[in-house]
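First chain written, first letter: the chains are A, B, C and D, and each begins at residue 1.
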Amino acid sequence: MIIGKDIIDQYNKAGVENFNSDFDFLQNKLTRSGANVAEIVNKIADFQVAIPSWALGAGGTRFGRFSYGGEPAVLEQKLDDVGLLHALTHSAGAVSLHIPWDIPSDVSALKESAKSHGLVFDAMNSNTFQDQPDAKKSYKFGSLNSVNEDSRAYAVEHNKEVIRIGKELDSKSLTVWLADGASFPGQLNFQTALSNTEKSLKEIYADMPEDWKLFIEYKPYEPNFYSTTIQDWGTSFMLANACGERAFTLVDLGHHLPNTNIEQIVATLMYKGKLGGFHFNDSKYGDDDLTVGSIKPYALFLIFNELVYGIENNKNNPYPAWMIDASHNIKDPLEDLLQSLEAILIAYAQALLVDQKALKTAQLNNDVVAAQDILQNAYRTDVRPLLQAARLQSGAALDPIATYRNLKVRETLISERGWAKATGL
Amino acid sequence: MIIGKDIIDQYNKAGVENFNSDFDFLQNKLTRSGANVAEIVNKIADFQVAIPSWALGAGGTRFGRFSYGGEPAVLEQKLDDVGLLHALTHSAGAVSLHIPWDIPSDVSALKESAKSHGLVFDAMNSNTFQDQPDAKKSYKFGSLNSVNEDSRAYAVEHNKEVIRIGKELDSKSLTVWLADGASFPGQLNFQTALSNTEKSLKEIYADMPEDWKLFIEYKPYEPNFYSTTIQDWGTSFMLANACGERAFTLVDLGHHLPNTNIEQIVATLMYKGKLGGFHFNDSKYGDDDLTVGSIKPYALFLIFNELVYGIENNKNNPYPAWMIDASHNIKDPLEDLLQSLEAILIAYAQALLVDQKALKTAQLNNDVVAAQDILQNAYRTDVRPLLQAARLQSGAALDPIATYRNLKVRETLISERGWAKATGL
Amino acid sequence: MIIGKDIIDQYNKAGVENFNSDFDFLQNKLTRSGANVAEIVNKIADFQVAIPSWALGAGGTRFGRFSYGGEPAVLEQKLDDVGLLHALTHSAGAVSLHIPWDIPSDVSALKESAKSHGLVFDAMNSNTFQDQPDAKKSYKFGSLNSVNEDSRAYAVEHNKEVIRIGKELDSKSLTVWLADGASFPGQLNFQTALSNTEKSLKEIYADMPEDWKLFIEYKPYEPNFYSTTIQDWGTSFMLANACGERAFTLVDLGHHLPNTNIEQIVATLMYKGKLGGFHFNDSKYGDDDLTVGSIKPYALFLIFNELVYGIENNKNNPYPAWMIDASHNIKDPLEDLLQSLEAILIAYAQALLVDQKALKTAQLNNDVVAAQDILQNAYRTDVRPLLQAARLQSGAALDPIATYRNLKVRETLISERGWAKATGL
Amino acid sequence: MIIGKDIIDQYNKAGVENFNSDFDFLQNKLTRSGANVAEIVNKIADFQVAIPSWALGAGGTRFGRFSYGGEPAVLEQKLDDVGLLHALTHSAGAVSLHIPWDIPSDVSALKESAKSHGLVFDAMNSNTFQDQPDAKKSYKFGSLNSVNEDSRAYAVEHNKEVIRIGKELDSKSLTVWLADGASFPGQLNFQTALSNTEKSLKEIYADMPEDWKLFIEYKPYEPNFYSTTIQDWGTSFMLANACGERAFTLVDLGHHLPNTNIEQIVATLMYKGKLGGFHFNDSKYGDDDLTVGSIKPYALFLIFNELVYGIENNKNNPYPAWMIDASHNIKDPLEDLLQSLEAILIAYAQALLVDQKALKTAQLNNDVVAAQDILQNAYRTDVRPLLQAARLQSGAALDPIATYRNLKVRETLISERGWAKATGL
């Protein structure tokens, strides 16, 4: 199924009048307070978030999985799904593949398909947290950190294969997330595990083309429940420094201990030029992988406030790679992703509204009340008309979810694909 | 595979000399300080913990599962495995079944098998957190709390079926754990969900034979990541009161928010006569389901201190049902259970050593230093010879894991059963 | 210092034009979607939050305190400060006293003063967590839970004295917050402590006039760091039930373990008719006592969503008592309270906008996407013009903080009162 | 008050017989399993922990403080108190001073006194988290991170003064703990704060004598409740690297988010040669500053397991500085410190018993069950006779707390010093 621009235009008609009224009001208000609304709308329109190929089907928990109809069964269908999201929002212009779930059979056909949807291939993802049916070595007790030299080499080789595939697709980066760790005290020697991990990452780094970047993800726990070898940003940062200039830390919002101040980590990494990428989701308890912005939208705004500041001020930091990494257990995955995209862009728009000059003045004066007010003023603004303006000028839908439902996308996908389970997770 | 008492005796011979030396030393020491060692050893020997049928195979996480060889494929084999544990420890004299994973095909044969292993059927467990292949209604959005009257009735009926099966096996209690809840704000109406749950539980309660007990488990999150309808002991306690005198709260050690004082909850429930059962495991982050005592053994001791106190002083509280509820992702499940049994009995033995009279005096004098010392003195005692004495007098193994390994149990099971995956989780 | 209505009117003039534009836009928008804007504005205008007398000076931490100029030195000045807040917002129409810090020397003068400011005396607060200089018994090891019968009686008598003082001031409720607990395992016997607490509360309850309510606060930790006798809502609820119909649970937002779902607790208590009062603040780590809405505004909205629902649907639950309970370590306390009042009313206004009918439909259909959208739609609305409308119709300030600063209130207070430290905390 | 060796000997007599029996039993048992008991006892005897001068009086919380009699009023008395602890345990052979609370009036007399007690001056502590009565600049909004250049310079100068005083006392290190941070989003610019802190630390580092070390402490929150500039080990490590070879990270057990794996941090820092010092305490909720080992003794053992391993294997890491940093709210401070010393040495002794060779083998074989068993076997051993042996050979008390009580130390101190509050915290 493909959603043409003309169909979207048609559905937009019904909402344009209200949109115009909302946008005019907001534009006037913001302009009065000194904001450059056109520039903000352009920035929103330019913001593109990668969709991972595994997010298009129903996720699950260790207690089970409730499947969803019309899930994409093959890689081509996954691209089609991202294409639907991009057509509706013009914000999902990239796809992030996962190997071995997404090994392309016909590379040029796949690239052609991506092009037709307006998509690029963002960071490639390796998988050393599961044993594949034909695996020659097991990752049960670790991969890049393994005391078993064969398992370690096998995991390194897998990452090199991911790079090879990524090169064919014009991807420019590799994300390494390691489940490696221990579930019991004594199980592994922390220092040996860290040292092995460093050695493995250096081998992978050395194998990357010169225009590639390596993103090293961290996570405190799960699936290992006592320790994870790359447990926090400090460990990831240390390893990225050991690898070299094109190695960076990747922040996944759900990969933190309770109450962590994530925005401060973001600021620290950008200050050091080492923030490579970002995985968006939301959570209340752990790595819950919920829809972005569904639990702590103000925290998301504060993070975007640091991202906007860093993109403006930390020229040593490359422009970060954005990706949604959520699990869709009880919602239609595409609707869930639309809600995530909306929440991301709302937080971004709010952050763009922060009066940085006034904020700096308040900070210099230790005027804590004013500093808080400046942030809250941006956050409390209803910025949704700015997102609509960005979508309208890009030919996307004023109201993506309503359009998706009106177009009966899910019903169509089910009739096209049936109820089969998606490959991968 | 069955381990005869004679074989165990034979293996014990090698360790008896050291045991005698250790036990004599400890007995003398404890007797000097006023303890009745023989009585303590008897109490340890009498303590029996139920093994759930689903704990005998490899568990997994949402990221995958690494299977283990020789897993029991059918219910009869599960009983055999518990029989092995009981032969080695004489502490695992009960099994806890899970429906629909463990529907017996031949009830009398099963009872005969249990009898031959010295096992009884402890609390029955229902399952409304997954949809079975032949399910007529889905639990995707809840079961006992469901807004859908059909799903709710279907879940109630399932629990009644579990009671029917349990009656045939001479079980005397039903444990209800509900995954019911929401992953997103707004998804459910808290009050309606609670009210529906209460109504459902009352229907189940009304269906129980008069000599049965209902155990209501609570859990703050997972698999739902925003709210769980029975989120804490307070909610469970409220519902148990609503059901009646034979409804109780069940405490699972992993089902608490970070830093919860669980021993205080235990004391409160016993004070009110409402502690029905206990699920043992350990955790560092969430419901990690690790080996008992592997992470926070002092907390386990403090909990047992309250249990011992309550069993002695709260005659209104029935003797609780004990069960291990752990997941075995990377260890041999039987070895893991042996380690859990050891940790439980160590904590119990330490708690039995607490000088309750001196403790009370210290508390009355607000002598905090002495009160702490009294607990630590019991905890720091190496009580392992007491456990060995209990096992020796019951005909079990002095060193269960060493005997298990020497007897090559796992290798035998693999040769008997192969590498097939266990049924259920 | 007193701020007259005429002065406020004068300052409002500058902002009225923009307000009119903002309000008209919002009113049209909301009216189109079916909301009764006038009714909502009236509800906002009617919402009154009590200010505790101890919140008007600088707070501190165990590491020290940075004092603030112009703090109220005596009770009369505290009332004056609340009067200033009420004049600026017309939302702070009550004061909550703390005994022994606020024992009135001249009751009728005090009542006269309150009347002149438009204030009533809300819940009285007792203090058994500190020893006063002239204390005859110590609360070092507990008060209402004490093993020492004299300390327990002394604490009960203190609460009775608070009731006596409250009666003279026409207060109608007593809030009991107990620090009672233990910092070390073994220090106290949980069951004895709970039993003593229950006995003490019943004595206090029996002493209350028939038109009074007892609010029992709970808190998991601090200042005791191992256990608190009333550690959670379940314990408070149990004690409230034991006391009688006019005993209720009081929720303080900061008194929860990490990640607690507070809105579900609110819903449960209202369902049972046992939510008595509410202490507003915000926190990231523990009982941080930060400005309301400064850290987790969406959680605050979700709580208000349950409050609005419960006030509408749970007629068995009395209208709750609202109070701000924050500590002002680095901000001007009055400005901080103005920010808190604003955040409370914003959350309330957003909750009033929730389309309850559509939400119920979504819930019945398990349309999780729509349910989330309905809540987010209300939350994302910029409701500040509704608050301004409410203030304008009450004669309060369109922009309270700007008016406060323009009027140089703090400077005036300093010149009037100097730099002396406030009494109490 | 001074406790002579002869008095201790006299009190020891009563316990020697039981000790001999206990020690013989344990020595035989350990020797059988290959341990070098004499070497272990020597290591325990050599282990010295610094006592901070502020730990000798009653601590408090923000809710108040219950004072204790006989607290040391002046620095000389503080040394006397540490002398008492050292006489009783021979494990507290150092004192850690805090400036400005402990500015010595007569340096040579103070050094003489220390020498007579067998004490050395360990790390010096600066204080920029409070304003002193005569302060020329305020630290209300930060010190080393301050946007105010004068405050920043004032704080740097204070640290230089601490170094000057420390040099006179032959101290060789400076510990910097910064409360600097923010209680509200927007209050400070993270990058500016971090950059200022780095600049300040470098200035302090440059001022240190060449044989001094700088210890940089980290803490996630409190007294600031939104962010702390040096929030975690990663930030401290980054700053230590920026300063130079003699700058190190200092770990305080209470300064971590919930569920942090501290032993892994310890291992990582030692691997990098950057673990400078250690502050011992225990906690259940936050920075509770409870008696060491009173809440999570197994976690303490696991940390010591890494320390013992690192001291043996990481020759690039200097021998760490040990200090107790607890707060004594309800116990006699000296008794509390005796309990802490005992818990530290127990964990150390248990860690010395770990069979490192067998552990390595188990790890290489991924024998998780055995690895856990090896650690638990060491931990479950009752090592108290080893501590007694170490004390006996050093002339300290077999049972320090009993001796302390028998000698009526507290009563004597009260009669000597009265009930006056200690200086400082």
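Everything that follows uses one rule, which is that a residue touches a chain if its C-beta (ideal position, glycine included) is under 8 Å from a C-beta of that chain, and two chains touch if they have at least 3 such contacts.
Not measured: the values here are computed from a predicted model.
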Result of counting contacting C-beta pairs for B-C and B-D, higher pair: B-C
Chain copies touching (chain A, chain B) - same or different residues, decided at half shared: same
Chain B and chain C, separation of their C-alpha mean positions in angstrom: 42
Cα-centroid distance, chain B relative to chain D, in whole angstrom: 39
Touching two or more other chains - residue numbers and ranges from chain D: 140-141, 183-185, 187, 220-221, 226, 258-259, 261, 284-285, 291, 294-295, 330-331, 368, 372
In the complex with chain D, residue positions of chain C that touch it: 59-64, 66, 129-131, 138, 140-141, 179, 183-185, 187, 220-223, 225-226, 258, 283-286, 288-291, 294-295, 327, 329-331, 425
Residue ranges of chain D touching chain A (in the complex, touch as defined): 140-141, 147-148, 182-192, 194-195, 220-221, 226-227, 231-235, 237-238, 257-261, 263-264, 267-268, 270-272, 302, 306, 309-310, 313-314, 359-360, 362-364, 366, 368, 371-372, 374-375
Of chain B, residues touching chain D in the complex: 21-22, 25, 29, 258-259, 261, 284-285, 291, 293-299, 330-332, 335-336, 339, 346, 368-369, 372-373, 376, 379-382, 384, 401
